[in-house]
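Some structures to go through are shown next.
Look at the two complexes coming up: subunit A is in both, with subunit B in one and subunit C in the other.
Showing the complex of A and B:
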């Protein structure tokens, strides 16, 4: 097993080294790819130094990144706090499901990104519009997975709890919520991904600060080095928040053997 | 315990009540002036604008013409993603070395939102048709690759062993063993791709395009024509839904033909 893993790591490492080597060869050494198309490693480094030092598009990379992360976390939190309870409720009560489902079916096919122009019309280019569209995009996966989580709970568990005369609020807190938690977290992962996509798109369409705004300015300035800086930042932030969520999930589901591997 | 399933009548009535309250709330908010009608036009205004846009042009074309131009880009992008993603996924499922080489690259790129490719797409392929196609490709490619890979990787080992024992060459192995076995997974991936591709297209058109529904919506937003923005959203929703229904039909047909479901 260890041998297989090390072979994988070795080839993976060689691939990365090979790619970086290829990057140098194509841009710096041969000039096959001109710097108007893709930055050389040196140009990438200079752009990174510029945005960290003097700043670009109004502020430094750290404050752009901080702003974007803040908006994603806010929109995501609002979506989870509204979506998960609604999903649980719809899963628990078939009348609620019958009442809400048709509306849901009508609104769902509209991609979250299509809400961006409307959000800008309503709330302008500031933070509120971004939080609104992130909420739209992250809400749906939260609802669906919480709903599915409740519906997939083993009947005997619910019957046993009921037979023991568990009061309603303890039923929700100690039976329904824990039993649907694995499924809820699947939804949260999807929601988080959707949040990032939506935020970047919203910031590209119109913003005054944020990682998407850096991308937007770099595109207008035809500044490939800075475009690459922006893309790498988007990737790193997406990766870091996903990792954080996985941590929370492992802690929350520590009791769940199935979730451990 | 969850309540028992409702009868057909009750489901219908509750559903209609839900829709009625949604439309009612919407009409009330715009009709009473709580939200200015300029920003939230009533359902009827939106519907009549939708009908109006079917024949009279906005931002250079009628709604159907915008949709057609969007759909063309969309089809190119998704087909390109399938044409590259599915074969690459199958090959990765078969050749371990390719898997070990591509997976780290893929994992590194996975966290970059497809829409973040917009600046490079515009720089490399322009904002006409090439740039948007690349962004749709970026959105639709991962599920194509992952599902073809999973499908090929988790083929019943006995089938592969049997084929190998009979001396099957790699090319036939991929085409006649892995591909058929992976088809259900591939189709499922294509359906996800189609959805993500449509979503990426909308994003791409909001940012860089000179035609298409997204472009129409941005133009309408610029001139505060809320009914046109909402008509665009409805058109996007309808087309997205039609694409999904068509692919579901295709999936069902394929499953029946292969005898997976009676």
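Showing the complex of A and C:
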């Protein structure tokens, strides 16, 4: 097991080193790709130093990143806290499903990004508009997966719980919720991804701080080095939050065989 | 007290012309502390009989009663042991067994005593804190049986409980169930398609026809068992070797074979 894991890390590390090497070759060494199109490693490094020191687009990378993470986590949390209970409820109660599903079917095909103009119109360029848009986009996967989670519960498990005389709320807390938890976490992963996508898009369109704003400014300044800094930052932050979520999931699903590999 | 009675019970799945008649005029009385096994060809509706007593299905006609009261919903007075165990994977062995007692709002002390004795009864003491997926199939079914027994139910409903176990584990579990049933007798409705198992375990065996299922014949095993003193043999293979056992088994086999739906047993 440990051997396989370390080998995986090794291969992954080699891929990254290979890509960075290729980057060097294409830009610095051969000049096949000019710095007007894509920054060289040195230019990337200079941009990184600049935004960390003097700052760029109004503040340092850390405060841009902090702001973006804060919004993602807020939007994501609101989406999960509203989406998962609604999904569970719809899964459990056919009447609730019948009631809400039509609304869902109409709203669902609208890409979350299409809400951005309306959100900005309502709430301006501040945080509230972005949280609202993140909420829209992260809400859907949370609902759908929680719903599917409930619907896929093994029937004998529910029958066993009923046979044991389990009262309603204990049924929700101790049977339906844990039984749906693997699917719920699938939904959370998708929601988190959607949160980042939406946030960056929203910040690109209208913001005064944040990683998406850095990208937007760098584009207007025709500054490839800074564009890459913004992109890498989004990648790293997305990866880190996903990792955090995976850790929570592993802990919450310690009983689940399927979650172990 | 725990008697079960089926009175002219029909069960139709689906509606109108698309409906399929699964059970046809089932009549069966199971006395308090009696162990009755139902055998029948696949799809004959024997599991449906059990599910109606459990309260998971309603009869289309006739009535299913426990202690003279019609069954309306599932409840802890009718504990079920499922073929696929149906344990809660996120609960430990103890928590699985404990849930029914918590639902009864028993005080903690009493609850712990009951759980402890159930664990002891099923030889699970060393696995108290294990999760189901860490246990073998046989162990998981022990937990499910303990979960049912600890409720002290009026009737115990076992739906092919050993069907998912390998042959050797199955034999051990059958012997243990006999030990349990003799030591602490209660009303049991046991569904199986394994003829030997039925003859070995039950006081009476009801044979069903193929779909739509009817009760074709009910055999009194207990009379033979007591007359031939089967209980003096500790091992299942010794009992199965007895002429009286073989005779009953063959009788049931022949009866089942007459049914066209007979394939696997």
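Note that in this section the second predicted complex is superposed on the first by the 243 of 261 C-alpha atoms of A that agree within 3 Å, B and C clash if a C-alpha of one lies under 4 Å from a C-alpha of the other, contacts with A are read in each partner's own complex, and residues count from 1 in each chain.
Note that contacts are C-beta pairs under 8 Å (C-beta built on N, C-alpha and C of every residue); 3 or more make two chains touch, one makes a residue touch a chain.
Just so you know, these numbers come straight off a predicted model, no measurement behind them.
State whether subunit B and subunit C clash or fit side by side on subunit A once the two structures are superposed.
fit
After the superposition on A, what does A:159 contact: first (subunit B), second (subunit C), both or neither?
Once the two structures are laid over each other on A, A:159 reaches both partners.
Once the two structures are placed together by chain A, how many degrees is the angle at subunit A between subunit B and subunit C, based on Cα centres and rounded to a multiple of 10?
With subunit A as the vertex, the angle is 90 degrees.
Determine, under the contact definition given at the top, whether A:48 touches first (subunit B), second (subunit C), both, or neither.
Neither subunit B nor subunit C is touched by A:48.
Look at A:125 in the shared chain and tell me whether it touches subunit B only, subunit C only, both, or neither; answer first, second, both or neither.
neither
Going by the contact rule stated at the top, is it subunit B or subunit C that touches a larger number of residues on subunit A?
Higher number of touched subunit A residues: B.
Of the two partner chains, subunit B (first) and subunit C (second), which one does A:205 touch, if any: first, second, both, or neither?
first
Considering the aligned complexes, could you tell me the closest Cα pair distance between subunit B and subunit C in angstrom?
9
Determine where on subunit A the residues touched by subunit B overlap those touched by subunit C, and list them.
159, 162
Which residues of subunit A touch subunit B in the complex?
7-8, 11-12, 15-16, 19, 36-38, 91-95, 98-103, 106-107, 109-118, 120-122, 150-151, 155, 158-159, 162, 196-197, 200-201, 204-205, 212, 215-216, 218-219, 222, 224, 227, 230-231, 234-236, 238-239, 242
Going by the contact rule at the top, pick out the subunit C residues touching subunit A in the complex.
Answer in residue numbers: 54-56, 73-76, 78-80, 82, 84, 86-91, 99-100, 102-104, 131, 133, 147, 151.
Hey, which residues of subunit A end up touching subunit C in the complex?
Residue positions touching the partner: 154, 156-157, 159-167, 170, 174-175, 178-179, 181, 254-257.
Taking the complex as given, what residues does subunit B use to touch subunit A?
Interface residues on subunit B, with respect to subunit A: 1-6, 10-11, 14-19, 22, 39-40, 97, 100-101, 103-105, 108-109, 111-120, 122-124, 198-199, 202-203, 206-207, 214, 217-218, 220-221, 224, 226, 229-230, 232-234, 236-238, 240-241, 244.
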